[in-house]
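Note that chain A is present in both complexes that follow, paired respectively with chain B and with chain C.
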Partner chain A sequence: MTDFDAIIIGGGHNGLVCAGYLAKAGKKVLVLEARSVPGGCAATNEFVPGFKVSNCAQWLYQLSPAIIKDFKLKSHGLSFAAENLATIALDASENHLRISGDSLEGAGISSEDHENFRVFRRKMRKYAKLMQSAYEARPPKLVEHDWRDKFTMAKLGLGMKGLGKDDMSDLMRLILINIFDVMNETFASEQLRAALALDAVIGTPMGPRSPNTVFTYLHRFFGETQGFTGVSQVAGGLGALGDALSQSVTALGVEVRCNQSVTSINKTHDKATGVTLASGENLSASMIVSSADPVTTFRTLLGYSNVETGFARRIEHIRTKSGTAKIHLALTALPNFKGLDEAALKQRLIIAPTMNDIERAFNALKYDECSDHPALDISIPTLNDPSLAPPGQHVLSAIVQYAPHSPKAGWDSLRETFLDRVIGEIERYAPGISDLVCGKELLTPSDLEADFGMTGGNWHHGELTMDQVLMTRPAHGATQYRTPINGLYLCGAGSHPGGGLMGLAGKNAAQEIIRLGDAA
Partner chain B sequence: MNTANRATMMLETPFHSRVKELCQINDWGNWMGFTTPNAFFDVELEYFAVRSTTGVFDLSPMNKYRITGPDAEAYLNKMVTRNVSKIGLNRVGYTVWCNDAGQVMDDGTIFRLGPNDFRLCSYQRATDWLLWCAMGFDVSISDETDHLAALAVQGPTSCTTLTQMGLHDLNTLKPFGMREYDFEGEKLMISRTGFTGDLGYEVWVSPERAEPLWDQLFEAGRDYLIKPFGSYALDIARIETGFIQAGVDFVPAEEMVRPGRTRSPFELGLDWLVDLEKPLFNGRKSLIAEKEKGSRYRFAILNIDGNKPADHSFILKGDQQIGTVTSAAWCPTAKSNIAFAQLEMPEGGVGQEYVAEIYYQRELHWTRVLAPCRVLDGPIFNPKRRRQTPAIPH
Partner chain C sequence: MNTYDAIVIGAGHNGLTNAAYLAKAGLKVAVLERNPYIGGATVSRELHEGWYYSNCSYVCSLLRPEIARDLELPRHGLQVVPFGGGATFMRNGDHLGSYFDHDRFYREIARHSKRDANAYDRYTADVTKQTRLIRPFLMRTPPDPTSLRPRELLELANFAKAFLNMGEEGLADTIAFWTKSVADYLNEYFETDVLKAHLGGSGIIGTALGVYSPGTAYVLLHHYMGDVDGNVGAWGFARGGMGAVAESISKAFRSYGGEIICDANVDEIIVKGSKVRGVALKNGDEYLAPIVVSNLDPKRTFLDIMNEKDLPSSVIKKASNFKIRGSSGKLNIALDGLPVFHGMDPKSPLMAGDLHFTDSLERQERAYDDWKNETWSKDPYLDMMIPSLTDPTMAPPGKHMMSVFVQYAPPKINGEDWTAEDKAGFEKTVIDQISNYSPNFRDLILHCETRTPKDIESEVGLTEGNIFQGELTFDQLLFNRPFPGYAQYRGPVTGMYMCGSGTHPGGGVMSAPGANAAREILRDLNKPNTVPGGYADD
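Take a look at the complex of A and B:
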């Protein structure tokens, strides 16, 4: 007899979602989370006494509403401090551009671009809908043709047909080029181009001219099929999402244990049997579901010696580079951004003046260096949620593109310089902000890797590139949430459909496991 | 180090100075970048040296890898299809290894030099794959190809010749056994192995001792009619005794370009090398599935009427083509016309009769022969002396 029906490694949102659906299907489930709190990258941390911040992910823009509903997350404490915020692309001469749903404001956008934008978004919505049919199911397999896969393929195919010939051939063309070219051929405004291009590269180690960036743009845009027209802010920081999920699945009978780091996945022959914890404790289960990234799962937890070499080689080849860092500032007062009122500061602010600026920022990453002028995705969460800081004081949080995982000089010698560089970048739009800083924190890709346990610090647990998505995510032999080891499954962002707080990997995995039933 | 010859851009083996001298007809081939003789003076006579007296073959180009470290045995057990734990100390085992799809990448021999000290000889350059296989294991792998010179000394008088050279009591060495002797102030390693199916040995020394080894061996073997032989004679001998060759009888799996062209060990008649009881080895899952589903092809040794070697022939059943020949030779000792064929399942059962469609040319005139053939139950040449211990003296 085993201790549990299923042990889930990692209590990130995908692990918890998977656990919850398995519990709903009557399984006895244990979630083992290495960190002290559940939620994984959906986390809140007091980085300076009295100042709290979402210390990894900061926005919600693609979480599946089905998951919010299925787990009654609202009644378990999830609430939004702000929903569907506008994006404001900052301009040094205060000619800011405000993007909200289909509408554009400011920055002298031409009427042609207004129309172009509507047309562009209409087209993207069609493509995102097409993705939806693939994202909300297990990915089809490349070779074997199961009817379920055929169904997904058919939906994709029908969807493609539904697109019409022009849209379809355009999609085939776009998906292979890059966001830089697409923006150039679509819009006249450089400010608009850059703002949208930033969405394509955030969380990736790619620049606007890199191939794959139309796919990553669509991956983010997919959020529109989940009811988002902009980013939303969770009250209490994203840790509240982790807490709500954890509470909800606990109510469903799942046991969630934190501070429990799994050191190995145990197996007999070719069946997973349990896990060993850092404490030395052994736990057994009839299935092990890992939400740790695939490289961690197979290289570290299972060990390459326990899988066939071709498979191990594919896992080892998974690209897990990151160029994304986080910066958190504790501020004694609300900073003054030139040309923005308080209502505007509640929105999502981005600094990416031109696509070439992003591309130049990206150049540094190619050589494992820090950008001179990084592109930034900024939130001042305390405006929508004063509970995060002492009264009258504020927090600024920013996603920073690009910082390498392992700069040649080492982070020790670069940390302060880079922090100041990022603050200096903000200072150009918010003069005097550096004087308000009473605490600061930089989380580099290697810090994020160490804290959240994801290889390379990669946002998606493995880059989201054409060779690592859909039926080849994370790699042949581990698609459809199954692995070469019987009873071992994947359910994290490293599997289809990838990262971002979405919950679909966890949900699809649970469905697949339940479907396989005792056949597994 | 092996040196490259500037004129030919080919590598030369440590025996090259001696081989060159004896290669009377100057018929050279390319073995993995090494210049090696196809024939020295006459293919048939070279072949008969192997079967009647002693033949010497320079196998220095063979890729040799040393695998050591606490996980060496476990590592090899994962890499190859057979159970390496069953290869005793100072013993040698023939094996194949597969990719995950259960398709044969290469074949070779494993020499167990210590509990966790092995030498692997392979046809293919294998460093890349060996290193990939090493992920997760505490092993170290080094390429010894350039650090070991080797001669195959094969034939009925080989034991006597080598004993004459000073390898005392060699006759007590069992097939697939190995042993060390002092030689010129160094160790010489000898194994009772070979690719001819005859009584025979392989002798391993440092490149510095290669020339003295050759000289002393030919001196000791003079009265026993020792002769060098090239790869053409070897080919006849190995076909006669049923040994397949990588790159000829199967496409090394990771070199395959066209899907479906590779073969599993089962399809090469090597079931006996596959230990499905081992919990994990590369290709296991696929091979289990193949066992359940059935193989696509069967390896068959065919005895063909007439004396026209059936190179590249189609094998016909009625007017239906059911397979192709991968290796063929007229085998002088067995006095048989032998071919290895890949036949589509379920064809190829022992005793089945087919027709080989043979084409041959005489003075620009092509002739087609439809030669009846029959599936043999095993290699046609398999003499007692190959296995007898003590080896028979001469």
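Take a look at the complex of A and C:
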């Protein structure tokens, strides 16, 4: 007899979602979370006394509405402080560009570009819709396929044909190339190009000129099929999403234990049998589902000596580079951004003047250096949700593109300089902001790795490049949520369809595990 | 009267190959060439007395053996001499030699890293797998995946089958190989910087991408899929320079009754009633034919010598967006003697091969950053050879000819045309880099021809001086080359065809695009096919 039917390693959103669906199917499930709170990257932290911030993911823009509904997250405390925010691309001469859904305002956008933007988004929606049929299902195997895979592929094939000749051939042209060329051939406004290009590279170790960035753009754009036309802000910070999920699955009978760090996955012969905790405790289960990233799962928890060499090599070569850091500022008052009123400051603000600026910022990352002028994705969450700071005071949180995981000089000597550099960048648009700073925090990729257990600090548990998505995610031998070890499954962002607060990896994995039933 | 069955614009190797197969089928064919000499970028020129420069393309491997055999090119004077060797010089005075002999190369790599020496065999086997996958498709017309015509569907199934035959695991490797960066690919096998740099160069040659850019592993494949006399992956010199390739094809063409007209600068392709009628030259002459084949790159074809009114607007847009970025330059140097390189015996067999001076991927990537900043690389990646060591006909006795391919050089400097000063600076950068490794090199220079992308464009007619007539990125390969819907060599106007490197399977002195286009033309004419099928070896 085992202690549990299933042990889920990691109480991030995917782990919790997977646990919830398994519990609904009647399994006795235990979730083990290393951190003190559930939610993983959906987290809130008090980084300065009185000042709280979503300290990993910043926005919600992809979460599956099916998951919100299935787990009644709204009745478990999930509420939005702001939904579908506009993106405002800051301009040094105050000629800001506001992007909201299909509409553009300001920045002297030509009428052609207004029309181009509508056409572009219509096309992207068609492609995202096609992606949806792939993302909401197990990724098909192309050769060793069964009828389910054939069904998915037929659906995809028909979906491709359904795009029409022009859009289909355009998709095949676009899917592997870079956002830089696509922006140049589509729009005249550099400000607009750069704003969209930032969406393509944020959270990735790629620049606008890197091939593959149209795919990463689409990955983000996929959120539109889930009902998000802009980013949304969760009341109480993203930790509230983790709490809501945790409460909901607990109500379904799942046991969620925090402060329980798994040190190894145990197996006999070729079957996973349980886990060992840092405390030395052993727990057994008939299946182990890991929402940790694949490299952590196989290298650290299972050990490469327990898998075949070729497979170990594939896992070891999964690219998990990150170029994304976060900074959090506690502010004594609302900063004054030139040319923006308070209503505008509630939106998503980005600093990425031109595509070449982003590209130059990216150049530094290639050599493990910090960008001189990083691109920024800024939120002032306290405007939509005053509960995050003492009255009248504010928090500014920004995603910083790009900062390396391990700079040659080491983060210890760079941390202060880089923080000041980022504040300096913001200062150009918000003069006087540095005088308002009463507390600050920089989370480098290596900090994010240490805190959230993501190898390389990569949001997606593995880069979203063509050889690491769909039927090859995370690597041959571990696709379709199964692994070479019987009873060991993957359900995290490292699996199809990848990262972002989406929940589909956890959901798809649960479905696959339930379908396999006793055959597992 | 200047009336023909078919007119081919441009006497590059693909234009000549196309013309040869059309003539072989009995058509009356004329090839019109703008320059006073034939060959396009496949040319040997005596720009300094006694020295013959292969002043554009400089080495031969991709030329399809079935074409060489079928057109009897050796009988028409083509002799390809394989070369061995090659080395990458390191800043610490050492070098990595690339020996043709397997065991010797193993020992050489092991000198730098035992682990890498062992990994090299695995690497070669894996690359060979991809080579085997692609080679059978070089002489086939890519299908249109959006079409529902049985012929296209059948060919698509053919493509799919070849891929699926790789197996689930092989397919994962294939997807990875075709999409990842050459740096990521090499990092999976090797740990030594110099070995990675030595191999990685093939991933960027002629390409406006860096070694860290996804997609460059495929460019590497493009340099591995050729052969010399069946020796896959080997490269050779055409005796007498690359012009010998064009010369021999032109002789085959003439032997079938074809006519080549030089100094014939085409102004426009004449279209009447949505059908091609012929071409008009800049001097007003007209040549009439119901079939006109353009060997020019897609931009020049559609935006330059065709009238906007004759084309669908979508084609104008596709041609405008076609990526054909200049990224390379070249120096051709006449030398008074053989330069001596630090740490290398002048008699070493390595001297006969490709020599490089960039000993890490990072240096190669930084060279690309300069290109992105619209200037030539300050520490460029050089592919340098001394062909006269292998082929003494290239220079007078005791003297040498050196060919230096330079990556990267942009088509414009900071948005402005190249000035004489820029060109001198570019030349100096290259010569300085070589001089750092060869003390006597500078004093041996008798004549140096420096070619910027701008020069290549104005002389050969390649837009921006792009050697592949369009980048080898995925949006421009197979059924996307040159652009979706037009990958079957047929233009948007009846009777108009494309046969240049801008079509499948792309650049390099391969002749496959020319031959494939001829096959499609003959099919449309209901003439028996004269183009040989795939090579039995593949």
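By our rule, the second predicted complex is superposed on the first by the 520 of 520 C-alpha atoms of A that agree within 3 Å, B and C clash if a C-alpha of one lies under 4 Å from a C-alpha of the other, contacts with A are read in each partner's own complex, and residues count from 1 in each chain.
We adopt the following convention: a contact is a pair of C-beta atoms (placed from the backbone, for glycine too) under 8 Å apart; a residue touches a chain by one contact, two chains touch by 3 or more.
Computed from a prediction, not measured in an experiment: that's the story for all the values here.
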Touched partner set for A:H269, first chain B, second chain C, both or neither: first
Per-residue touch tally on chain A - higher for chain B or for chain C: C
Partner chain in contact with A:Q191 - chain B first, chain C second, else both or neither: neither
Contacts of A:E308 with chain B and chain C, given as first, second, both or neither: first
Contacts of A:T152 with chain B and chain C, given as first, second, both or neither: neither
Partner chain in contact with A:R173 - chain B first, chain C second, else both or neither: second
Partner chain in contact with A:P484 - chain B first, chain C second, else both or neither: first
First, second, both or neither for A:P211, with chain B first and chain C second: second
Overlap of the chain B and chain C footprints on chain A, listed as residue numbers: 313, 477
Residues of chain B touching chain A in the complex: 71, 74-75, 78-79, 99-101, 129, 132-133, 135-137, 279-285
Partner chain A, residues of chain C touching it in the complex: 145-146, 164, 166-169, 171-173, 175-176, 179-180, 184, 188, 209, 212-215, 314, 320-321, 323, 362, 365-366, 369, 372, 473-475, 479-480, 483-485
Chain C-touching residues of chain A, taken from the complex the two chains share: 141-144, 161, 165-166, 168-170, 172-174, 176-177, 181, 185, 206, 209-212, 313, 317, 319, 356, 359, 363, 366-367, 465-467, 471-472, 475-477
Chain A residues within the chain B interface of the complex: 269-270, 299, 303-313, 316, 477, 484
